[in-house]
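Alright, structures below, take your time with them.
You will see chain A twice below: alongside chain B first, and alongside chain C after that.
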Partner chain A sequence: MCMRRIQAELSDWLLDPPEGCCLESFEPLMEWVIIMAGPESGAYGPSLYRDDTFRMSVKFSEGYPLEPPEVLFIPPSPVHVHIYSNGHICLDILSDQSRNGGWSPALTISKVCLSLRSMLASSTEKKRPPGDLEYCLRTRNRSPRETRWEFHDTTV
Partner chain B sequence: MAAGSPAPAQSSHSGVSAQRGSTCSAEQVESIAANVPSHSGSCYGDAVVDIVALSPAVQNAEVSSRPTDEEIIAQENAIRASEAEKLGFVGDIEPLVALEKEYEAGSEVFVRKIRSLESSYRSMRRTRGDGNCFFRSFIFAYMEVLVATNDLAERNRVVTCLRQWRPKLMETGFQELVFEDALEVLIDQLNSLGTAEPLTVRQLEDNLRDASLSPMIVMMLRMLDSAEIQRRGDFFYPFILGMSDEATTVEQFCRRYVEPMGEESDHVHIVALTDALQVPIRVVYLDRTAMPGEGGSSAVATYDFTPAGCAGTPPRVHLLYRPGHYDVLYPALPAPPSVPAAST
Partner chain C sequence: MGTPHDCGAYSVERMMEDMYDYDSGYSEGEEEPSSDEAGMDFLDGECTTRTHHAQPTRWLLIDAKKLLQVQEEALASVMAILGCSRSTARSLLMHFRWNTETLFGMMAERGLDDLYRAARITSRSAKTPLAPCDAAELACAACLCDVARPDATQMACGHAFCNDCWRQHLAVQISEGRSRRLVCMGVRCGAVCDEEQVRQLLAGEAALLARYERSLLESYVEDNAMTRWCPSVPHCGNAVRVDGEPHCEPECSCGVRFCFSCTEEPHSPCTCEMWKRWKVKCHDDSETKNWLTANTKACPKCGKPVEKNGGCNLVVCMCGQAFCWLCGESTGREHTWTSISGHSCGRYSEETSARVDEAQRNVKRYTHYHLRREAHMSSQKLEAPVKAKLQASIDKLEKNQSTLKDYSWLSTALEQLFHVRRILGYSYVFAFYMFGNDMFREEVTPAQNALNQNLFEDQQQQLEGEVERLSMMTEMTPDRIMEAEDALRLDVINSTVNIDTRLVRLYELLENDLLGALTLGCHYISPYKGQSQLRSGGGVHGLSTAAVGGSLEFPGLGTGAGPSGDGDPTRPASPPVQAATAAGVARAAARAVPRQTQGLGQGSTGSGHRERAALVPGSPSKRMRHDPR
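Now for the complex of A and B:
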């Protein structure tokens, strides 16, 4: 199931990539690297990230799309209140229901990218999450999927 | 859902706050919190961790005593795995007496109610309590009757209905690539009826117990459910309103509480799925409430979900609801017609 689906998403991406994103690598097929341009416009005029470009790592598991992909920014990550220095992202659609998240198999990597760009676009301040340093020390070399997230901010 | 709509998903900055409540004692939290200006809004959990981070002494004490995220997640996974071992996605047929035994030491109301069920139902089939039990019970029970009765007319109807959903799903914003395989799997299984190699109940059991096929079918049903709700948003909106603080639109509700695997089903989900597939079902509610009136406390409440196009059609699927969970029920066979005394 996972290979067919990833292949289908790859074909779809190549025909119609999400705005501001391009695929740097998809070899092996289970590990993509995406380049994302900061959004042009934000909530109140130009976006804070309009001159920035970021790289993202996407890892699919055998359980995809029932399980979410592992998505993180390759440092330097965007300075954003929900993105840690090590690239971990606190976004509900990147966790499944058993971790209080909102991932569903109806989502695709394209849609995840659009959500992330929208998260950047609505940011009004370039700052790190509280406890960034402690978090990064504690999760060194670990996957964001080994973190238990809490989701409560619906604004940014 | 609007395809590609970049509406921000919910996010948060409390990745490190997982230990809230589990390891910080209340006194610790209060004593630490008292020395620090309070965080605004609802971020109490984050504040506690922030303070911990600022204070190396407390941090060290915390780190040594509290389980790490990895340990907690490993434990959660172990619990899920042991639940899975106890019961596959779908169990075997059991007599209702088995259910009665479960409550013998407990609730007398339950036992009385189960006994009163025995005149209408002969047996049951359990499904795993993983949040997908309504969808799995529904599709299993529906297909089992089709297979057992070789009801080709109904099969043709539902296959046509499923094919009509393809464009409707896309109009609702589902990309074809997210549902095409699952839809074909479902249709192929139905189409095998009436061929030289029809689906059997045994294969249906195997399929709905399969680690890959079973979730795929549930996923498909969840998308149909979501699409039905969104296509009739005006009808469903009043029911959705008030069910969640987070989901304020029909689309948000579907994305957050219908499409993700493991989200439990409510009336809204049931109405939408039975309407989407035009399959009438009956749900028998087994709970502690004593029904007033005839039958007294042993009467069991039943509710028929009958799609508008199915008025007068008897339920095709019977489900047993116990708070938080759905299983399949098997109606007792109708009493055999009285046999005239054999003439000699």
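Now for the complex of A and C:
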């Protein structure tokens, strides 16, 4: 199921890529690298990230799409209040621990990219999350899927 | 006539029947399914409540068969009133921890929509658009394949996926232990999947389905504040539901008795908090550490603890290092009795010695209470074979001369002895915390505390005296049981009744005057189930054999024949110690003062607690020899 679904998603992406994103590599099929341009316009006028470009790593597991993919920015990551400097992203749809909502098998990488861009677009301040340094030291090279996230901000 | 033990088991069975009667009553379409209220109804006027706990506690033993039944009853009542599906009813009940009363209360107060929102249930009325049902094919959003309509399933929330994806999703959720909340796969949906649809989808996977069903079933116990698994090891498979006061000590049919609030061994009259602390205290070596801090100092050079065994304040460690005993600093060896040359630390000395005093006193207190508790516990162990032997001979005698003689007076006494030993043992743990200057320091003044302690110890002591008397008599009985002399029988019966009365009084004191007077926080103990209460407690519905109300009843004898000692064996209709706290304490004061002066006159330590010269005055029993030294 996992391979079939990724194939299907890949062909969908190639036919109709999400705005501002392109695939850098999909070799092997389970590990994609996506290049994402910062959104042009934000909530109040031009976006803070409009001249930036970021690289993202997406890793699928055997359980995909029932399990969420591992999505993180390849440092340097965007300076954002929900993105740590090691690239980990605090976003409920990337976790299956969230009580209401969270990851759903009906979501795709393309939809995740859209969510991430809108998260960047709505940012009003270039700031790291509190305790960024400590978090990066603690997690070192571990996957963000091992972190227990606490979702509290419903505005972005 | 059964023994008190039988009475206990008997009341459980009775209860099961009662509960069953009552439950079937409301499932037949009554409008008032609040279990507590109805529970109170049939208890009305049943027993006089002696304590500040308003309701007498009842418990219901739930075995595997019963579990399904009680759960179905709860589900049925919710489904009938809300007119909802079974899985909605189940989710609601899980959210409200299977308490139908709060569920219906919230429904009446806030309405159905708020009720669903609180339990995070997407009801059918929610605005999720239904997927088009008429199309022959459906594009499954999970595997991105087109599947024929019959191979897809649409949940109540409106999201449709292919059956393969549903199956895999459910398999993951169930194997990760989320059976009780199987949510829809839709983006930000979170609605709970319908049970029937889940069963259909998992029809081919017996193992998964079994796990799912089991998890749903056990939710009634695990998500329910009023229900607990029996803590027996290996597990007997039963659970216990309590209706009313959750502070009680139910007994499972497997024979295990436990404290319902903390599932530990029964520890009344200790509160759960006290018992928790006591266990920690007994298991770690905190007292060793306390002793070390109180009596030793670490050598500043080698770090070994050094105890001063006499002499002046210059102490020399085995390693040769000399140091000052008062402050622990290393010094030279040049010194006199009062000073060490080139060293001065005079200001610290008072504080240090105060700390040492305190620690020493704490160790002594702990040892005192620990030893006394242990004494009762070992007495209980020693009495067990005596009890077994006696019980055996009673059985034999009753079989041989079935109608001639009745020996229930003796088995009642034995059972009473067994229980009262345990209660006495735990009462020392209670005393350790109640009258120590630790747990209730902010609430009880030292003067008040001393009064309370005197009051408590008086009653405890009298009880102990009576218990030892009974213990002695039962030990002598085996040889004399054949004759069953009337004098002996009278004595045993009197003693049993006396103990019962004293226990009731002791519990009144604990619940009303000691714990009831505390204002910060609530401290509950499991109430004493007097023997008469056990019997009359069973006599709720159509029970004619047991004596209802009044005091212990002994066949062949009037109740309370010939009071011995100062206690009145017939329990008064209104207990004497139930007066208001202030009055009780005033009376206690009057009694306590002469005792205290007398104690000091005898040269007791005069520190925080009063050492009793002998634990059981006037008791000839040999087993209670346990000096603190």
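The definition used in the following text is that the second predicted complex is superposed on the first by the 151 of 156 C-alpha atoms of A that agree within 3 Å, B and C clash if a C-alpha of one lies under 4 Å from a C-alpha of the other, contacts with A are read in each partner's own complex, and residues count from 1 in each chain.
Here, a contact is a pair of C-beta atoms (placed from the backbone, for glycine too) under 8 Å apart; a residue touches a chain by one contact, two chains touch by 3 or more.
None of these values were measured; they are calculated from a predicted model.
Overlap between chain B and chain C is detected when the two structures are superposed via chain A. In the superposed model, B is the one of chain B and chain C that contacts more residues of chain A. In the superposition on chain A, A:H82 makes contact with chain B only, while chain C stays out of contact range.
Using the contact criterion defined above for the overlaid structures, shared-chain residue A:P18 touches chain B, although it does not reach chain C. When the two structures are aligned on the shared chain, A:L66 is found in touch with chain B and with chain C.
With both structures placed on the common chain, the touch criterion links A:P105 to chain B and to chain C.
Of the two partner chains placed by the overlay, only chain B lies in contact with A:E150; chain C stays clear of it. In the overlay built on the shared chain, the residue A:A8 is in contact with chain B and with chain C.
Among the listed stretches 56-64, 128-136, 146-154 or 308-316 of chain B, only 128-136 clashes with chain C once the two complexes are superposed. Once the two complexes are overlaid on chain A, the chain A residues touched by chain B in the first and by chain C in the second are 1, 4-5, 8-9, 12, 65-66, 93, 99, 101, 104-108.
Listing the residues of chain A that touch chain B in their complex gives 1, 4-5, 8-9, 12, 18, 65-66, 81-82, 84, 88-93, 96-99, 101-108, 110-111, 114-115, 117-119, 121-122, 129-131, 133-135, 138-139, 142, 144, 146-156.
Residues of chain B touching chain A in their complex: 1, 3-18, 20, 42-43, 45-46, 49-50, 52-53, 59, 63, 68-70, 72-73, 76, 80, 131, 174-175, 177-179, 181, 212, 215-216, 219, 222-223, 226, 246, 255-256, 259-263. Chain C makes touch with chain A in their complex at residues 120, 141-145, 159, 161, 164-165, 168-169, 172, 185-190.
Of all residues in chain A, those touching chain C in their complex are 1, 4-5, 8-9, 12, 63, 65-67, 93, 99-101, 104-108.
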